[in-house]
């Protein structure tokens, strides 16, 4: 299995973790979900992130899901595994387990209560030392959830100090200028160009691709859109990419609601046949009748638009 | 001048506060901006809100801007004035000044550091007692900025206790279910139906109108879209409303970036001839070359779409 | 083993979790630490709370520590086990495991991102339904850490609805008035009087005992002070209690520093012979030379004061 | 009037702003309060800080209070004026007004929503450029209130870049190590040694003086204690300083309760004859019967202790 590197691009889909209606891990749906993602053309898969409800799994469940996914993917695309944990030694342990099981790299958000640049920098330096050079790391910069802010200078210093950092999941909001600054300052300093994949559901994907992102790492329930948009930009056809993006934007924006968004996303995956149940582990969003109708309305509008444009 | 009441609907535009390039209050642009809003068909105007940079004005500047706006509006539509302040006695003073100068009502966000339902409820009860029954109040529910959460039960108790609360600026996020609950529970309890106008730049306007909102109170730089969408829903033509909305959504989503969003909004207003300078008081966003080009690209795409659909 | 009930009082010490210098769980020190606590006269022991670095343990480590503690305590005093978890089903599982192993009850902080009274109330109602009536619950009200605020009305409604809630760990800050209100309103409503033990390192212990607390649940490294103060109040001798308290206050205040406080506390426990190593799992505070000298100075001053007053 | 400089030390008392029972500014009490502070031996006075309820004053009230204080002080000690404001141009205006009226310098907290080191640094660089070299600045580092964290490297860079920064109000919590690092790193770099005065009510004053603080800038209602402790340390008699400190610590800790602490402080000042009314502008703490009795008890204990030790 090849390791994650700085050339990674395209769509690394953030995978949901499927449960049965009773909240048990649903490994059969893990298989069908992976098949769904691969059919849609994703370049990689990220599991056990926040959207994957990793914090609601036991360690045993997490391991069993990871092994099932890795077996199903079977080397077709790289799999990145989330290993964020409150304790350094458990980040180390989770990362070792992931790599031993065939992961291509790990994703790491900063620990809680880091309030200044030196604190954030030291966090990553300490953890990276434990993990060693052989574990490729994707930094997750998602302050809306972690409450930790990673400045551009900190990122640049980390890129310089730690060769194992090969990717950034860029998810600050607003964050477009940050992305531009990272690219321009990194180049001005002659640093390695790492892979930057964007999150936030892809809400600013076209603009971010134009500003130097290499793709998306997010969990939108229509991954084919993310794939097509990234492809259009890669082929030098941004206008076409933006046309496709705009068709899906009403739904994308709809999924982009913290909390209930995960419920909507799983319901969409269910309707699309990717998983059997849309259940989210409690406490978590449960969709009501209005939510379901609203989603149906938006999905019907998408179908019509794609048909109108000959994009379906 | 008639006062704000529960029947208010349509678009109450949140007005920017125009400055010169040097940061001085630009009252000539206040006139042209008000004319712009009125031409676009707004039903009301809200000034001195957060987007109006009210916290960056001296009291003298705020008064002078308010008087200029009220004179220019000259009773054509109701004007709502933001009066949030850390001190109750200054809320009272600001509200009195606003009403004496011809405002239709005031907008009030909860004070800081209110952490529980009783604290939020008591805040509004105390202030309302100072203001008296003659000052119509629009509650602003905007936890992303105020860090204060107003639950549906608190809103219902306030609606029951305080006849002067005639409007809610609904800006929680995600907040669609909250809006549905407010409407259904208010009806179940036989309470007054107050006006609900939605914020967040209008990001969920179609869904919120379907869930019982009466219109929008936000500052999107293309108010005609908000007006047309509200009208379409009022006329029982939601599909048409959603079609119009979708055309503008890429730009709307673009403006919906805390911080830099205000800079983009003022720049769009400047390009549309509504104000002379896009300056935001410092500290505040300053657009760079890439930001300006990106905005140009999105505006050009909007023009093409409207032309394609015969909507321009 | 008898279960936790509303009559609980005195000092329920919050137990540290001892590690070796290399960060491994140190079960021999668990034994000596428990012996230390029991010798100092505590009425109960709480394990796997925030101060117990529970979030830095694997599930296996947590279980092994819990079993070792329960075996060592061997029914001499009740043991309360922290079971807070992001997922309801894991709260349920952890609570079942704790009770099956002989715990007297469980401690439960509210889940994250609960922002209004109904959200907090529903959280506890949902979890309690899963746990059933047979698992005594201690509510932990510690908003400085959880960012969740539990209002007095919510507490009263929960006490009424859920007979299994027998104790409150009162740790809001400032929180003295809240404690008084809880007691007076509970009495006015004719509700069950539950046990209230105070946290925050005991910083306001004398005042809180005067306002109706039944004791302390905190981890101060000199538990004998907490025991003596509670005893003095119970015997109607508050002045004597306050005299003892004041001797230790400089050290108590010193331990009351979020983050580094845990390092200081473990170092004091080490110096007092209760554990072998003061190690805190990383990321966590590491004391430097100045920190250690400062602690020595404060400890020497305490010794002198106790000698002067004949209290040692 | 001489300007604030790096040699400042001792106690810069944070002045309350006195109101009448009806909430009007009480300028007669401003006089008696200043007299009280001067009699207690303070080295300087800071007005219009957070504790001074500056955010609850109109601009006219703030100006009138400032002028009254400066007239009463009449050059006997330096007066520092808080000028924090959301808008740079108003910081500039407030600072100019203060200096024109005879202030020795200004105190400046960082603006809101600064999340990274470069953001904090740029904030101060921008404002300092507006103020110019002639306005001495005291940086206020109080993240518990401002939610902005200023790292040691940022402080060091600002000290190097901006000669007008002559003082730090050190109020991070926990912050003792930060203070030690600032001193040692500043010396290692050969930077100017600025004055560091500590806040947080003085809760860690002895330890902070030992770690290199030059005094206190806080509003404890017994300024004579702060003065005596600073003096004892300056005279090389820290043990005596700590003895005095410990006598007052129960009361100091009691005042150290965000929110209600200000009410307690003003009530203590009222009882000590410094001001006529303990009123805090609403919304703000109102002491109830239990609060008042509790304060009486703690004050009586202080009197007895001071008598016992011959310190009164």
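The letters A, B, C and D name the chains in turn, as written, and every chain counts its residues from 1.
FYI, a residue touches a chain if its C-beta (ideal position, glycine included) is under 8 Å from a C-beta of that chain, and two chains touch if they have at least 3 such contacts.
Not measured: the values here are computed from a predicted model.
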Minimum number of chain-to-chain touching steps separating subunit B from subunit D: 1
Chain pair, A-B or A-D, that carries the greater number of C-beta contacts: A-B
Subunit C onto subunit D, rotation angle from CA fit, given as a multiple of 5 degrees: 180
Farthest-lying chain, centroid of Cα atoms versus that of subunit C: B
Whole-Å separation of chain centres (CA-atom averages), subunit A against subunit B: 34
Separation of mean Cα positions, subunit C and subunit A [Å, integer]: 38
Gap in Å, rounded to a whole number, between the CA centres of subunit D and subunit A: 47
Subunit D residues counted as touching two or more neighbouring chains: 259
Pairwise touch network: line, ring, star, complete, or other: complete
Residue ranges of subunit A in contact with subunit C within the complex: 23, 53, 55-59, 86-90, 93, 111, 113, 123, 126, 259, 281-283
For the subunit D and subunit C complex, residues of the former touching the latter: 173-174, 176-177, 180, 203-204, 207, 210-211, 242, 245-246, 249-250, 253-254, 257-261, 288, 290-291, 294, 301
In the complex, subunit D residues that touch subunit A: 115-119, 143, 149-154
